[in-house]
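Next up, some structures in structure tokens.
You will see chain A twice below: alongside chain B first, and alongside chain C after that.
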Partner chain A sequence: MKALGALGWIYLAALFTFVFAPIAASVVFSFNSDRFPTLPLGHFTTDWYARAFSRPEVWEAISNSLIVAGVTSVIATFIGFATAYTDFRYGFRFKQAYLALALLPPTLPLVILGLAMLAWLSQVGLSGTLTGIIIAHVVLATPFAMAICRLRLSQMDPSLESAAWNLGAGPWTAMRYVILPFCAPAIVSALCLTAAVSFDEFVVAWFVSGLNRTVPVLILEILQGNVDPQINAIGTVVFLTSMSLVVAAQFMIFRRRRNG
Partner chain B sequence: MITSRKLDLYPILWRLPLLVWQGLFFVVPLAFMAAMSFWLVKNYRMEPAFVFDNWSRMLGRGAFWDAYWLTLGRAALAGVLATVIAFPASLFLSFRLSESARRFALLCLIVPFFTSFLVRAYAWQVILAESGPVNAVLGAAGLGPFTMLNSGFGAMVGYLTLVLPLVVIFQTWSLAAIDKNLIEAAGNLGAAPLRVLGSVIIPAAKTGLVLGAVFAFIMTFGDFVSPFYLGGSKPPTLTILIIDTTKSGQQWPRAAVVAIVMILTLFAVATAALKAAYGRRG
Partner chain C sequence: MAEPLVQFRAVHKAFGTYVAVKSLDLDIHRGEFLALMGPSGCGKTTTLRMLAGLEQPTSGAITIEGKVMNDVPPHHRDTPLVWQSLALFPFLSVVENVEFGLRMRGIGTKERRDRAMLWLDRMQLKGFEHRRIDQLSGGQRQRVALARSLVTEPQMLLLDEPLSALDAHLVIRMQGVLTRLQKELGITFVYVTHSQSEAFAMADRVVIMGHGQIEQIGRPQEIFRGPRSRFVAEFVGRNNILAGQVQAGVMQSPQGSVPVGAPDGPAEIVVAADRVTVSRDRPAGAAIRAAFLSEEFAGTGIICYFETPDGAEWKAQVSESQLSDLQAESGQEFWLSWDPARVHVMG
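Then we have the complex of A and B:
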């Protein structure tokens, strides 16, 4: 049995290595002097970072990404919260269809959503704009916000809200003083997570973006041309950004779950 | 009257944002794409019409069906491989780790979802290259060099990187929920470990096993990064076909045909699988 346990650890470590190898490798390669890295590694350098971040189009893409992720997270979290609250509070006809609409978008292949978005946004004159990317990213990110807020609401005693109503609070007052404070950690967490979803998304953004490239779209275009380790440098910065967002989101949910 | 109208407004206001946004920007675009598949393209411009040209042209092509079966086959293979590879790890996570260690492992597995798959694919390009680290190690052992990129193998490495975390999460979620008394009871009744696995654990964890495999299938079916950057893009998968058709020559209606065939296929597979996952146990 002991031997089986050791084998189990080795197997688990191998699987995690496979999953995380590309992430670790891209960080290592970003500080490595070789243009085509191999073993043994070359010497340490920050040259790729200096080169990548001296390009004006990288800064333009970063600024685009920040705008898109910021606006997306606010809209998606609002819609996600409203949907989660509706699901938590009300039963109504066609609720199954309503929830399907809320949760389906991430299961559709992104290439298909990209094509549909491109075609539709061109019809209404929004393709090639940051607004177009934001619209698409809200569609993709809302289900995540909805799931997080719904999880939090399910930890709330439903009679709390009715109690507030019975004590004379109108529904808006109850929302303001009972439900929103209770959901605050989930809302912050949803803001982080939806920002991370938007910050990493490149397929739909690539179809829709035109000349307004976000960071992942820029990476994609560099990958199609002359590739060099600058991609690792940009990628490492993107990793760090999204991971901070995800860790912050998980921290918020977890801390509260332990207390509540 | 006024107060009751006000009360009615409150739930509607919370219900509306999703309906408006996903209606205008999810349902309508998909419906438009379906309609567009019947339009005509003349001089690089789309014209509203109701003709079956795009459908007959795409479905009449041998190359389309080659891409279809390639994509379907790869997705099925990735679903099976990911399920088989993930299962021992999920078993270990579920039955040998403490609750908090398991939770930490699962949290770690969520992280890759939010890290750029493009950059990870590029990292694999470097790692698996003819002169890359893997071949350097194999070379030191007197093997290789092997050509791993621009092949079905390369694409599969990409697919598994994409789907393994999710499959492990689904499986572990299902396995960890099994009542440990069941397993002990089977053991006490004299069932050998393999028998316990086959007759108790796997049937009880069926939902998570099937869901994991289905999501692996769906994600592989719709991925274009692995076949494009690691699989060499030839022969093309359906996703690459959509991109090529969209980006060159403005043939959006033909790309829409491919997209609709993909949606129908996914729908059929997902329905069948959900039936299997939630259907009668045993």
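Then we have the complex of A and C:
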């Protein structure tokens, strides 16, 4: 690979500044004593964090978000893996259509998906419940899990599974001892990424959450009332949580340990 | 004679409209080293996969020890396969790979570790048991794959072009390892390959397949010196084929008329490259005229390529000193001659 020239470095620095400066600013102002985000900065304080996290609705929203993200990631990863494995293992008619449908949800406009989910979930009486949000988020997150598992399966020597059968493993045993261990990094990665998708998701959650607000929904509600540095404090926590999940997911996908 | 270990009876295998194997009849005996050889798409790998239960015959029957195996799933058979890609499990250590078959048979931790270690020792892999697969060389991986397949002490081992990914010098060494192993264990090896040098070097019997059918079965020498069809003669390589009409012991062919020991009528004769003599002056007996094209250094000598006036390619194997004596230049014409008693008449 060619080394990056000076211009390249400047370009990269500018790009990352452009992307991360607003987030960095939000983090900086979350520790700033001034009421409004202006320069020069006041003095360092954790007061906004203390205030934000003393509000019961913040804790409730965090708890909601964590439950939804946790359950969503498990269900979405399970369905995503099963879908990817079906694609890997079987040839059938309309397979292209099957794949297109399976990967469709993230390409739908979120407002449309949110409205549709709201209409449908209220029909079945799940609107405004955590279960409703979970269902909506599973729909959104599953394609990501599937894409990750599919990538991993595509790196697998197809004889690996047959080799397990050949050595005495039945289909389920081969799944347990060969396919799952091979896909383990992808599965962990899919769990992290789908959790992050759910944890960050605002639009659909806003439509279907009702009184069970998740963190992004709560942030908007506080913001509609007034601009308050508490938002920066909550935002910093949300950002760190999501980033950790995404970084963990990337790490699992790209590390070159024990892969064939 | 004892009952064969494996019998294929009128086995037919089709994938959609594509027929991979046509009415195959084949007996595989206990303790023999059998090579299935043919060009790609000849059905040899499909035959092997049917034996392992990875494909089901469309019709016909495959029996192992007299039991019809058509519907027995792969994991209920004792037919371990050494894969072309080796298919070692990358997430397991060397010893865990070797243990896999024993583990699937529910053998306890201690015993399977002991038995796996025994095989690693036998394959000269002691000290490598905790390595990961990607830390091994090609030859070491090959031996891990062998140990993994043999640890359950099967009566038959299937091998699907296992040496095709190795360097040439390793191939020769592994051929030695395989033949010795097969003799020591006394089990049946069924070896699929497209390489005649591998098949002829190792196998007791060679099955030549073409277009889903068996073209010829025999000992390597029989097939090498006595190909039964043009397909076999061409596939086995370094053979020259002369076709024509025989009348009173003389064959009229597009390359010239030569004496042959064949009855009157149409005939095809095979002249092996190592039985062709190249000379500038016309020798007595069977000889045809051809222009020198090029030479190729092969393992056992030099193969010279010639073209006859009607465009047929002829091969002659010569030694290095013979080649320098000839001082052959491209386009020069020579006489190619042979002893009519040492050619093979096909049919």
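Note that the second predicted complex is superposed on the first by the 243 of 260 C-alpha atoms of A that agree within 3 Å, B and C clash if a C-alpha of one lies under 4 Å from a C-alpha of the other, contacts with A are read in each partner's own complex, and residues count from 1 in each chain.
Definition applied: a contact is a pair of C-beta atoms (placed from the backbone, for glycine too) under 8 Å apart; a residue touches a chain by one contact, two chains touch by 3 or more.
Please read these numbers as outputs of a predicted model, since none were measured by experiment.
In the superposition on chain A, A:Pro181 contacts chain C only, with no contact to chain B. Of the two partners chain B and chain C, more chain A residues are in touch with B. Look at A:Ala169: by the touch rule set out above, it reaches chain C but stays clear of chain B. After overlaying the two complexes on the shared chain, residue contacts for A:Asp157 are found with chain C alone; chain B is out of touch. By the document's definition of touching, of the two partners only chain B reaches A:Asn232; chain C does not. Of all residues in chain A, those touching chain C in their complex are 157, 159-160, 162-170, 173-174, 177-178, 181-182, 184, 258-260. Looking at the complex, you find that chain C touches chain A at residues 52-54, 73-75, 79-81, 83-85, 87, 89-92, 100-101, 103-105, 132-134, 148-149, 152. Remark: chain A residues 5, 8-9, 11-12, 15-16, 18-23, 25-26, 29, 36-40, 75, 78-79, 82-83, 85-86, 89-90, 92, 98, 101-102, 104-105, 107-113, 115-121, 123, 135-136, 138-139, 142, 146, 171-172, 193, 196-197, 200, 202-203, 207, 216, 219-220, 223, 227, 231-232, 234-235, 238-239, 242-243, 245-247, 250 touch chain B in the complex. In the complex of the two chains, the chain B residues touching chain A come out as 7, 10-11, 13-19, 21-23, 25-30, 32-33, 36, 85-86, 88-89, 91-93, 96, 105, 107-112, 114-127, 129, 131-133, 135-137, 160-161, 164-165, 168, 218, 221-224, 229, 239, 242-243, 246, 252, 255-256, 259, 262-263, 266, 270.
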